[in-house]
Each structure stands twice: as C-alpha cells, then as structure tokens.
Amino acid sequence: MAAQATFKSIKSLVPLLDRVLVQRFKPETKTATGIFLPSSVTNSPLNEGTVIATGPGAPTKEGKVVPCNVKAGDRVLLPSWGGNAIKVGEEEYYLFKDNEILAKIQE
Amino acid sequence: MAAQATFKSIKSLVPLLDRVLVQRFKPETKTATGIFLPSSVTNSPLNEGTVIATGPGAPTKEGKVVPCNVKAGDRVLLPSWGGNAIKVGEEEYYLFKDNEILAKIQE
Amino acid sequence: MAAQATFKSIKSLVPLLDRVLVQRFKPETKTATGIFLPSSVTNSPLNEGTVIATGPGAPTKEGKVVPCNVKAGDRVLLPSWGGNAIKVGEEEYYLFKDNEILAKIQE
Amino acid sequence: MAAQATFKSIKSLVPLLDRVLVQRFKPETKTATGIFLPSSVTNSPLNEGTVIATGPGAPTKEGKVVPCNVKAGDRVLLPSWGGNAIKVGEEEYYLFKDNEILAKIQE
Amino acid sequence: MAAQATFKSIKSLVPLLDRVLVQRFKPETKTATGIFLPSSVTNSPLNEGTVIATGPGAPTKEGKVVPCNVKAGDRVLLPSWGGNAIKVGEEEYYLFKDNEILAKIQE
Amino acid sequence: MAAQATFKSIKSLVPLLDRVLVQRFKPETKTATGIFLPSSVTNSPLNEGTVIATGPGAPTKEGKVVPCNVKAGDRVLLPSWGGNAIKVGEEEYYLFKDNEILAKIQE
Amino acid sequence: MAAQATFKSIKSLVPLLDRVLVQRFKPETKTATGIFLPSSVTNSPLNEGTVIATGPGAPTKEGKVVPCNVKAGDRVLLPSWGGNAIKVGEEEYYLFKDNEILAKIQE
C-alpha cells in the first residue's frame, strides 16, 4: 500500500543518506494496436525504473560519505521486494537504499 | 497503540541520542466543500510529518557524535512502519531514529 | 510478570554497565473528584518514569567507558516494550539499557 | 517469478557493486533421439550457468573496491536458492552476489 | 531442566571466560510462623542470587581480557530468562554471562 | 535434493573463496558376507568424506587471503546439516565453507 | 542423532580451529548395589565430559591464533544444547566450540 503524499510534485522530495528515489515503469495499459488491457494483466509493477533523485550517500563508520552508485536519470533494475512506496497524485514512486539497486540499464 | 502522556506540552520532550520527534500530518476530516469524512476514510495516519525536536546525535564507536540529518521544522517523509508513538492530549507524535527518516520535503 | 524482590529498599539496587533503573509512573486510581477507577482502566503502566539509578556506563570495544545519557532524578520517556521488571513491595521498577530510553521530559 | 524486462538485449544490463549476472543452463527439452520431454521433467532450472557480466566489485569499509572472483564468460556453479531473476524475452537470467557463486567449472 | 552434576561440591566448578556462577535465592518454604507453604507457591526461583565464582573475563578482539563486573560473594539481580542451570545435590546453580547480570544488591 | 551436473568429471569444479568440495563416504550397500542391504538401511549419507578440492581462501576485511585449513586428499568430519549438494553422474558431492569442516581424520 | 563413524579410534580425530572434542559422562547403568537401571532412567546424557582433543584455536580478524581455554584431559561442564555428536563404536562424542564450554571441573 503506497501512502498518498500531500505535496504536489515529486521534485519536493529530497532523499536522505544513501536513499534513491525511483519511478517504476508502468506496464502499458493498451496494446500497440490500441486495445486496452484489463487490470489483471497490467497491475503488477515492473522491476525497472528511472532514478528521480538520490541522497548524498551514507557515511562510513569513520565518517567519510560514500556517494551513491546511481544518479538522477539513470534507468535501473530493482529487486522484486522491498523499498518504501509513496504515491504522488496518480504516480507511484519508491525509495530504495543505494546498494539494493541491482543494475543500471544502458541502451 | 500510542501511550497517553502525563505532561501537557510536547515541548517538554527532549529526544536522546539520534532520535527524532515527529508530528505526523493528520488527514483532513472534512472535504474542501465542508463535508465531514467518516473515520474509516480518515483514520490512517499519513507518512509525512514535521520534525519537532531531535537528539544531539549518536556517537560512533570511536566516540564522535554524528549530528542528525534533519532539524526542528523540517517536513519529512516517514516509513510506513516503526517508530514509537506517544499521545499528548489529542495529538499523536512519533519518535524515529534519524536514519529511519526517508527524505525531506522541500516546497 | 515482575519478580518480587527480597530486599526492602530499591536504594539497595546498583545497576551494572549501561543499565538504568526506572520507576514507571502509575496511572491515577481515582479521578480528580475522588471516584475510584476500576483496575481495567488503570492497570496499563504508563510509558513514563523517573530514573532511580544508573550504571557507570558500558565500555567501548577499546575499553573506554561511555557514561549513560540520563541520571538519577531524570524524568524519562520509555519504550512500550522491553526492560526487566522487578517488584519491591508494592512498587514495580524496570531496568532498561541506556540507549533504549527514548527522551527526557523537562517541564 | 521472474519479472519480464522491457529492454531487448541482456547486454543493456550493467551490474552494480559485487553483483554477477548469470544465464542459467536450460535443461534439454528433447532427448538425444529427438523426443520432446514434457515440461514436468524439464522445468527445474539447472544449478549451472554462464557469467554474462559483473559489477566492479563492492568496497571494503575502508573504501577499497574488491573485484569479483568471476568474469564474463566463466561457467559457474550456483546455489539452489537465492538470486534475483529477470526475464528478457524467452531467456531467464539471475543476479547473484559474487560471494554466493560456489565454484567455477573448467573443462 | 537442570542437569544433575556428578561432582560433590560446587567449589569444583571453575567458570571459563566471562561466565559467572550464581546460586539463586530459594523462596522460603515455610512462613514466619512456621507454616509450610505448598510447592505451587514456592517453586518459582527468585531473580536474585549470590555469585559463587567468576571466570577471568573474556578477551576483546585485540586480545585484552576484560575482568567481570561482579565477584564472588556479590549479591546480584538476574534476568528472568537465560543462563545454564546445573544441579549439585539439592541445590540449583546458574551460569550467566557477566553482562547478563543486571545489578548488584548492596544492603 | 542434489542438482545433477552437466559436466562429466568432478575435476572440472574449481571452488571459489573458502569453499571446500567434499565427497561424502557412502554406506556399504552389502555386508561383509555379501548380503545386499535394503536402501532404507543405507541411504543416509555418512558425516565423513574426502576433500576433492578447496578454494584459495577468503580475504579478511583488510584484504589478506586466509588459506583453507584442509587440503585435497584430507579425510574430514562434516556437520550433519548444511553444505550445497551437487550430483555428478551417480556420485554426490558437497561444497562446505572451510570453517564448517569439524575435524580431520588421521589414521 | 549421532552419526556412526567409520574409523575405529577416536584418536584419529583432529579438531580444526577452536573446536573441542569431548566425551560426555555416561550415567551409571547399575546402582552401587549392582541393580541394573532401566534405560528410561539412564539414557539422558550428562552435561559433563572429558576433553579428548582440541583444535589449535581460531584466528582473530588480524590473523593471530587464540588458543583454546581447555586442553586434553580437562573435565568440563557442557551446555545442554548444541555441539555436533559423533558415534565411534558404542561411545558418543561431541564437538563443541571452545567458547561454548561453560566451566572446568577441578576436584
């Protein structure tokens, strides 16, 4: 269950520490030929997304901040589980820890 | 279940270590046109809140105190779970650890 | 279930390491107008208490003792769970670890 | 359940940190004499695979990156459990952490 | 269930590392006026005891031995759970780790 | 359930890090006098085996590789649980971590 | 369930790292006056034993080997749980980690 945010734009969200804000790809709700798919087909979110923003990174025990491995705009592969969901209007976003992001997608 | 406090003002509470005292946003109990919503619609707390106070920060193993990443007045995004709830009068507050706070909200 | 102590005064108890001895606030058993409340209303302990005594603090891995963050006389906010209960006569006390104490209450 | 990817080629996937992208061996779906085996016989994936790509390695607490123990092209033995599955077209791939890979297969 | 020892005297037991050998207080089996209490009233062990012997202390990761916080003869408060029970004749003893002992009792 | 390998010889398997490849002893399937035992008597694997190959050892956090405590040819005592099973033809092998091996057997 | 060993003498077993090989005391199967006790009385192993052999000790993270706290011939007190059982002929032995041994018994 993603909590509905009270703020209007996802740009308002500034991740802390090593958290990464990601917008998951949404499955197409109609086919290439324009036929709408029933929700039972389309309602499972994909494990891919675009990084919207990242925190500055978490500090090591010695206090040195380690920057995140991804940056805003990166297209990434996400784990199937975990993350904190947040809903802004009709869009659903997730906050993952940087080291939970599995891979970058580069095409 | 939030425990009801015996003290009158939340200002009396001074968080220890890296704990952050947060007042969650309350859902609107009436609509823009003044119609009151039934509690079944409004009783789930939002995942947003305002920082009321923070502790000085927790020490590293070497004894250096790491200040919190948020400060009083910050509007923040909270995880859906966790935190210690406390009720002062009709208001409900939460104590989270600093690194449990997901993001700042800046508008 | 709090174990009943054999000693007469709580002053006899000297906490070890980073343990903090706390007396929880008891709910009022009669109202302001003198009406006694049934136990079903009053028997849940409050999450507040007064520090009776603290240990010297726990040592770091390097052997340096870190003093507790609270001291005897402090009024504190406790977590809803945990702690070791001990009963001396009719009074119930708890031993918490220093870093389990959530906040000080200063009025 | 492997999530279906939206990208066309597995070459688009760049593992982060110490993650290793592996293509599992598929069981033969027909016998040496050309008889097709029913899926109940063939649908359990083998514990072997080929490394497609690896991340640069994870940093130690001191910040030194430790390279992966396997490299693209290596044939490897996988644990029976774990890993993150991803489906690209008809092929199923897995992302494991480098230290979860059990052995190299060298023939 | 406490295992029955084959040795005759508890003095034979030399705790290793940071273990503390404790004799729990036994509930009075007769009242001040000499009436014997039924076992259902008296068979729960008290959370207090006397230290019989301690180990030399456990070494830190750097190899420095940290002495125990209690010594033979100390009267101590024990947690309600844990410890290894051993029975010598009719007496029941417990071995706790030094940092599991909650407090000293000084009257 | 041991996964059936696609490679022909166990010599093809090169353990990574601190993993140890072991062939468990098989119970005798016939008695000294030549009577074959039913599988219900013989199908529990013994907790002994012969080391076939070991990895180079796992690195410490400082990056120094610690060699395994056993070597190819060693006869070893195994724990009753754990390990990753792999089947090559009719033979079943196990991969254990070096520090899971209990003892060497020297006759 | 203790696994039956294939080797003839327990002397063949050389513990690795910080493991300690212990022979548990067996309960007397007949009384002082020569009456044999039924197995229901005698079949629970005692928590005492004699050290048969120890490993060289486990290395610290810095690589320094820490010798075991007990040595062959020591009579020791064991925890009620844990350890790896092995049966050589009619005798049952256990392998414990050195820091699981509770105390030495010195008479």
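To keep things simple, chains are lettered A, B, C, D, E, F and G as they appear, and every chain counts its residues starting from 1.
Here is the rule we use: a contact is a pair of C-beta atoms (placed from the backbone, for glycine too) under 8 Å apart; a residue touches a chain by one contact, two chains touch by 3 or more.
Remember, it's a predicted structure, so these values are computed and weren't measured experimentally.
Q: Touching both chain E and chain F, which chains are there?
A: Chains that touch both chain E and chain F, as defined above, are G.
Q: Using the average of all C-alpha atoms in each chain as its centre, how far is it in Å between chain A and chain D?
A: 24
Q: Which whole number of Å gives the spacing of the CA centres of chain D and chain G?
A: 43
Q: Where does chain D touch two or more other chains at once, residue-wise?
A: 61-62 - these are the residues of chain D that touch more than one other chain.
Q: Could you draw the chains as nodes, link the ones that touch, and say if you get a line, ring, star, complete or other?
A: Drawn as a graph, the chains make one closed cycle, so a ring.
Q: Can you give me the ring order of the chains, beginning with chain C and going next to chain E?
A: Order round the ring from chain C, first step to chain E: C, E, G, F, D, A, B.
Q: Chain A touches which residues of chain B in the complex?
A: Chain B reaches chain A through residues 25, 46-48, 60-62, 64, 66, 69-70, 77, 79-80, 99, 101-107.
Q: Which residues, counting only chain F, touch chain D once they are in their complex?
A: 1, 3-9, 12-17, 19, 21, 55, 59, 61-63, 84, 86, 95
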